[in-house]
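These are the structures, in structure tokens.
Next come two complexes, and both contain chain A; in the first it sits with chain B, in the second with chain C.
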Partner chain A sequence: MDEMKDAILEYVADEYIDEDDEIELTADTALISSGIVDSFSMVSLRAFLEKKYDVRLPDGEATPDAFDTVNSIIALVQKHLG
Partner chain B sequence: MHTEKEEVLSNIGSYEKRCDGFDWGVSKEILSWKDGELLNIGAICSDRVCARGWGDKPALVWEGFGDKKRTYTFDDLKLHSNGFAKLLVDIGIEPGDRVCVFMDRIPSLYFSFLGILKMGGVAQPLFCAFGDESLEVRLASAGTRAILTTQKHVKKVRKIKDRLPALEHVIVVEGDRSKLKDGEGFFHVESADRVEEFDVFPADPETPSVLHYTSGTTGQPKGAQHVHDSIWGQALTTSWVLDLRDDDVYWCTADPGWVTGTSYGIIGPWSLGVTQCVLDSGFTSARWYQFIQDHRVTVWYSAPTAIRSLMRDGEELAGKYDLKSLRHLASVGEPLNAEAVVWSERAYGLPFHDTFWQTETGSIMIANYPGMEIRPGSMGRPFPGIEAGLLDLKTHEELTEPGKVGLIAFRPGWPSMFRAYRGEPEKYRGRFVGARADATPDELRTDTGLWYVSGDRSSIDQDGYYWFVGRDDDVINTGGHLVGPFEIESALVEHEAIAEAAAIGKPDEVNMEVVKVFVTLNAGYEPSGDLELAIMNFIRKRLSPLAMPQEIEYVEKLPKTRSGKILRRYLRALEWGEDVGDLSTLEDD
Partner chain C sequence: MAYSEKTRQVFAGEIEEIRGKGLYKEKRFIWSPQGAEIEVEFPEGASREKVLNFCANNYLGLSSHPDVLKAAHDGLESRGYGMSSVRFICGTQDIHRELQDKVSAFLGMEDTLLFPSCMDANAGVFEAVLGTDDVIIADRLIHASLVDGIRLCQAAYDTFKHMDMKHLRKKLELHRDKRSMMVVTDGVFSMDGDLAPLDEMCDLCDEYGAMLLVDDSHGTGFIGKTGRGAHEHFGVIDRVDVITTTFGKALGGASGGCVSGRRELIELCRQKARPYLFSNSLSPVIVSATISVVDLLTKTTERRDKLESNTKYFREKITEAGLNVREGVTPIVPVMLYNAKLANDMSRDMYAEGIYVIGFFFPVVPAGAARIRVQLSAAHEVEHIGPREAARRREGSRRTGAARCAAPASSRRSVREPDDRGRARAGRA
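Moving on to the complex of A and B:
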């Protein structure tokens, strides 16, 4: 769980946040509704998750709400890990 | 609720009567315009509204992420746009200079847009999610002299500034001034000295006002130049199509980096003195509904992509919010499917009214009108005073038979029509069927014997309703935004692993189309999930999230003509399950 959280946080920090953005990223930081990750960029985040965890996240569940925080993303990925 | 609202007569009233003997002068009546008044869109949207006695009326109700909320009156709009206008004059910007606005939908975006126009500059708004490469080609093409941006986005400007000799001024309008680099200025309008009065630039009807870039099939994006005369088209369509009235609270969800966000997210509503709301945060259905509920939004202009996302989250969610304030809904950006119209009637008690227009047209050309029958799935009928038609796909002869598919075209002469593609007169001339090879831009825009061809295909039914069929070129319409395949392909081949690339639009339930690319790899590279993700992020950062491929297909070779040109239409036809057409020019294996 913590390992997954760290991996997702690291990916979001590396890909969507600049070093001097001064955003304190936690597992509860809003990603979509804050504009850190826009709805189009969500696709690459989803691709990262599907590849890294070898899961398929259905279209109907990979929604902006489900991707809004790292914690909600973890819940979605774990649901589909089987 | 719905029935009671429909009993109120719409602004347009009878469509047929409005078409009969139409004259654009009616727009001046709607604005209570008097001969000899100062023409300048920036002042019409602020100073003039104050002069009509509405200075203390809310102009902008703004919310940003993190519970930030502000309300600005028309007096504030006048004051803060004056502040930006004075700043630009003080640093030496002259009338006609291009000034780029590159920021999120913060209040300063709106103030600065009006301020640029007030001092006679040309406002060049750009979508702030553009990466540095997309930004560079647009600033280079425009010869932009100044850019107004924020601490968050100035980093992209720093990467390219040395390659833009015309760009003399980089002004940061929000953020920490201690983080600025040498040569950058800082200006926070709300903390600056108040500028109560500003000597507004008296524009001629043909004085350039707004420069919007739009993508095409070939080459880099083109700058569609608009003029101050556009106000008549924008104000009238806002009144008759969006049905805005003095007491409305209006929400246009478009970003001013795109033409909807300026024509109908700034100019149209504010020229009429209407209060508008702006939500500067990412999309979630719950957030949008909460915003409508909190601000008692009455008229909502949005896009099919957003509507389909709301549909996906269901009627039940909509039912949790008080949305009874809504009285009119409209949509733009791509065709609105019939299911979305029917669904919105169920979910909100109101149908979305589809509208059709483009960056080049500057204002709505075809629409479903308030109080008029909506045919779900149809774009509606031409705006009064707009002569529209369909042209044969090959001969460009006008089609008269209902149901036949042709190119949507308009007779030139409406006020908000673009006046040029900046620096590309041949491309401008190429949009007019029947134009003489030596016709000047002024002749082209006024010759009502010509047709301006939109690049979209449609049919017309026997009652004159237009039904969208698709684009007539390779441009990708994703989420209502046009993305040029050439831009994507050019950026892709800059990736070390990619030898050749072709970009097309593939069908998508929510966004209509998304970008799919076909690539061949350089020696030493193998297809992999890691490479796919790296390519996606490479394009997202260099161009924009809109241009990011959502699918990458590795191929051994790309289909080409014998002369070596990549056959995108062949790839697209295969993707869409359509007839691949004439392949006689296809290169042999």
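Moving on to the complex of A and C:
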């Protein structure tokens, strides 16, 4: 769980946050609703999750709400881990 | 009754939600032709005000230019009002072909296909040329119509940080096993005025064997020494594979757009692009007027030179006035205020002073990056930009003193046009 959290946090920081952004990223930081990630660029995160954890996240569940925090993302991935 | 009270309440609730988020678009009525000075009724029912217009895409001031009006009249007289057909049945006149050929020559492309708008061009091009074996790699701040077009296409897609070439390289590396890759960007980004670094993008595309598509709607006609667009500015006219652009901004401002580029890609659009196949032909009036615009711009750079000079003058003066302007060379000048209320109040107060500009704030732009977007035009004279300078300076100094002192780091982030899910996309006005 912690390993997954760290991996996702690291990906989000690398993929979406610039060096000069003063954003303190935690597993509860709002990603979509705060504007750090928008639903168009969310596709990168989804592809990363599907590849890294070998899961298929259905369109109906890979929603901006489900992707709003790292914790909610973890819950979604765990649900589909089988 | 099918439209029940319950249904009405559902829609009314959604409208209220839009209002609650500060995203409600008020009605504004213009009683005059488009130009540097216009007569506006705002809010609805209010008395009309003559204001200086700094929020149109009328970059070259051709929307109401006499030569363009004459060409439109000539088109109306000689070819009629409408075609009552799609292009491929009986909707293509000689002048449609003439405009396509002239746009190809102007942009330095192999072929061109007209669409009812650039929104339609962007909705059609990806689906027509790419499939499930391909990938689209797009700048995160591309225009909403490109986003929609990409989503309509079966190709996979990915994004890279705004104008970040290291990140683009990373994505090209990641997807290099695909049949084909297409990199997608705006030439000029409408909310920031940023110019995409097309020279570096072409180098990367060459290195990885990717195609490059540029939506140059905010660049065609005036960016580059002879106004061909962002690809001319960066000296890569022969290296960009596809340009989509509009006739609804600098090129007369009515409507219509096109996809211009490699011959086979254009032919595929002609065969497969649904907005092309299932929309009516562009009206002969618009085609005729747009031909006259392309002829004019091919003959002289006078108007783009004037716009460049106006832009330079305005950027200098507004910076001297102490306002924080996003650096750049384009006529889209975002005056950064960093505070939503300030942007809103300032645009309202400036309207009261006879200057029509729009404030943008979160969620249209990132939190902490509120601004007023000023758009310059060749229709502006120095007195439009100059004599009111002092008033603007007073207004700017009074309101932005605090903002200048403490611009938050987050405001330095590139401006994104928020999307259509939870954060309304501003689109390109």
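Note that the second predicted complex is superposed on the first by the 82 of 82 C-alpha atoms of A that agree within 3 Å, B and C clash if a C-alpha of one lies under 4 Å from a C-alpha of the other, contacts with A are read in each partner's own complex, and residues count from 1 in each chain.
Heads up, the rule we're going with is that a residue touches a chain if its C-beta (ideal position, glycine included) is under 8 Å from a C-beta of that chain, and two chains touch if they have at least 3 such contacts.
Computed from a predicted model, the values in this text were never measured in an experiment.
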item	value
Touched partner set for A:S39, first chain B, second chain C, both or neither	both
Which of chain B and chain C A:P64 touches, first, second, both or neither	both
Touched partner set for A:T26, first chain B, second chain C, both or neither	neither
Comparison of chain B and chain C by chain A residues contacted	B
Which of chain B and chain C A:Q78 touches, first, second, both or neither	neither
Shared chain A surface residues [contacts with chain B and with chain C]	18, 20-21, 32-35, 38-41, 43-44, 47, 64
Residues of chain A touching chain C in the complex	16, 18, 20-23, 32-35, 38-41, 43-44, 47, 64
Partner chain A, residues of chain C touching it in the complex	138, 140, 147, 156-159, 161, 362-363, 366-367, 408-410, 412-413, 416, 418-423
In the complex with chain A, residue positions of chain B that touch it	65-66, 104, 129, 152, 155, 179, 280-287, 309, 312-313, 478-479, 509, 514, 529-530, 532-533, 536-537, 540, 544-546, 548, 550
Residues of chain A defined as touching chain B within the complex	15, 18, 20-21, 30-41, 43-44, 47-48, 51, 59-60, 63-65, 68
